[in-house]
Amino acid sequence: MNESLVGRCARALGDMRCRRPLVHNITNYVVMDFSANALLAAGASPVMAHAVEEVREMVALAGALVVNIGTLSRSWIEAMFLAGAEARARRVPVVLDPVGAGATAIRTETALRFMSEVKPTILRANASEILAVAQAGGATRGVDATQTVEQAHGVAFELAGRSGSTVAVTGPMDFVTDGTRSVRVANGHALMARVTGTGCVASALTGAFAAVEADPLVAATAALVFYGLAGELAAQGRPGPGEFRVRLLDALDRISPEQIVSGGRVVEG
Amino acid sequence: MNESLVGRCARALGDMRCRRPLVHNITNYVVMDFSANALLAAGASPVMAHAVEEVREMVALAGALVVNIGTLSRSWIEAMFLAGAEARARRVPVVLDPVGAGATAIRTETALRFMSEVKPTILRANASEILAVAQAGGATRGVDATQTVEQAHGVAFELAGRSGSTVAVTGPMDFVTDGTRSVRVANGHALMARVTGTGCVASALTGAFAAVEADPLVAATAALVFYGLAGELAAQGRPGPGEFRVRLLDALDRISPEQIVSGGRVVEG
Amino acid sequence: MNESLVGRCARALGDMRCRRPLVHNITNYVVMDFSANALLAAGASPVMAHAVEEVREMVALAGALVVNIGTLSRSWIEAMFLAGAEARARRVPVVLDPVGAGATAIRTETALRFMSEVKPTILRANASEILAVAQAGGATRGVDATQTVEQAHGVAFELAGRSGSTVAVTGPMDFVTDGTRSVRVANGHALMARVTGTGCVASALTGAFAAVEADPLVAATAALVFYGLAGELAAQGRPGPGEFRVRLLDALDRISPEQIVSGGRVVEG
């Protein structure tokens, strides 16, 4: 079963590189460059578009929509919901990254409203954001996770079951659940927390895999195993955070399906 | 004649580094950082400004205006046209990069309106965007060129003759035409397509050269030869896409006028 | 006295890394990525938020607010003043970076209004921007300093005394003054001027130090000594501008309090 899951993750990577899905990102200003380069390096085709006048057309061309609330404003929120509705109508998978949910009311409210109105295919967040979206209490400290990922796993399982969205909680140990099945991913490296936007990139990559893999649990798991392996490769030799980010992009280009099979540390259940 | 053109390109590089023209960019969020760093590395002086309240003043200080529609919204469109009109009134050269023209109506319409109202000095785009701007049919796939550059060359020649704008179509082989003369530039490297915003940077650099070289055909050719040589230098040793981008900035700092003369692969006609 | 000041700077670095202050940035699009990564590398915790709906809540969570006017628009100006007023009411230190003041009216006016209404704890700028904010005449050329830093020192001293803000003028020799005391910092490297946003990063780091050091003169000095030393370390071996930026982030992670004591080139008075 375990091998079967990493096998499916490996196949998803091959499919993604073969099909080069267009991933439509409505994301925050800070990580646009990094997200686009990460998607390109991984093998997908990124596009960023946020104007209310064009997001529906762009979604129609896309294999996945990734919505990230990291730098919100009113007109962007409107575009996020227009794009989300269009994506669901067209059965384009949607990933939500509720950056900073719990930190301010507009972020928490936007994330909650997106969960209920758009019902994203996958919610990808850190532990404190998951707690905020699940309204499970616990204050967030900016955009950094301050609660351990483990604490949020039970909440994520319940949230997935209740919302119908697959929930991926990232941290030292990633946890992916659709409310029935659960997967833990032990790949990754502590240096990833020293670079801005590594969580946002996890969400963008999740979109790329969701574009080619119909099972959201497998898509999210594949993205996190792949990304975690890239982080491990990039961290070899203990570079500083600047050099690590450069190598992370190189590693996204280099990690092969075979390496997912051989290096993926995935535990089901 | 061939040597004469690379000679003029080399002189334009020397002039640009000597005069350090201020290049006013109204560009998309994704590539602002990369474009500014590329202009600085090449020897120009970048400024980004998009507020309708200030773009005319900024254009008045600038040696060139570069307008890039990669992440549009209503207020930005207004600023683009204000800045474009001011630039033409002041005889400041204008470069248009119609990112994603053909993908959505607002992008295609904005590009077409900019061509007819502002009449940019130089239009720099990939093949599918050129086809969209020329209304020559052909759908674009996001922001990636899916038609071969060769197919767009005839259309570009006709568009340049009709519009009065010099047209630069970039791809594996670049094509520059003013509707009378044509130039092919064979410099560059495939890795450039693996980094976000390399096309946008081509447009920004074209602005830097247009600020110091009065003949738009020579300015666009000089920018593409220079940039292509930088790409070739950066690609030595086959780095990954992350490392390649770092080296590309270093190469923009390093390529000399002499290297343009010795390495420029330019064919006229 | 001299040793005492570098000692205090070294202690401030230790405190900052220990407390990891949340630094709330309302900054320009070009440098968001670089600023966030620089803050993370240095040991602080960055957050970017600009919506009028949330900036007051975010300031309430923050250890410092950094306002940078590099890419202005009306709604952002409103958010800057809301956040600034909230910060002062909560005694959260505020750093203003008046990017391009003097270049356009909206930038000069916004900077002047912020000085008089918000009274930032620290004003960090280059020489020509200081002259513009002090209304001391002298036109700016885009965002580059064209007047020597030395010329602006007298103006900065007078401005600090008059405004109550500590003023930090950066350049080949940095100058920090609160209108009574003055400090010169000789650390840094010419390559810092070849990378976009190095001035903006100086402001962001100043915010990180102001969050943990109550004396603004010491906080600004500590930030500039630390950052200058990082620049010197990154410049070893004379990398190109792309590689230099990568190494600068690595150096921010690496410079120790001990290196501030041994390498800080600070002269008081």
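Miscellaneous remarks
To keep things simple, chains are lettered A, B and C as they appear, and every chain counts its residues starting from 1.
Methods note: contacts are C-beta pairs under 8 Å (C-beta built on N, C-alpha and C of every residue); 3 or more make two chains touch, one makes a residue touch a chain.
The shown structure was predicted, so the numbers you read here are calculated from the model rather than taken from an experiment.
On superposing C-alpha atoms, the copy chain A sits rotated by 120° relative to chain C, to the nearest 5. By the residue-number overlap criterion, the interface of chain B with chain C counts as different, with under half of its numbers used by both chains. Centre-to-centre separation of chain B and chain C, using mean CA positions: 33 Å.
Contacts with at least two other chains are made by residues 29, 33, 245-246 of chain B.
Across the complex, chain B is touched by residues 28-31, 33-34, 70-74, 100, 103-107, 141-144, 194-197, 239-243, 245-246 of chain C. Residue ranges on chain B touching chain C, taken from their complex, read 22, 29, 32-33, 36-37, 40-41, 45-51, 53-54, 57-58, 61, 75, 245-251, 253-254.
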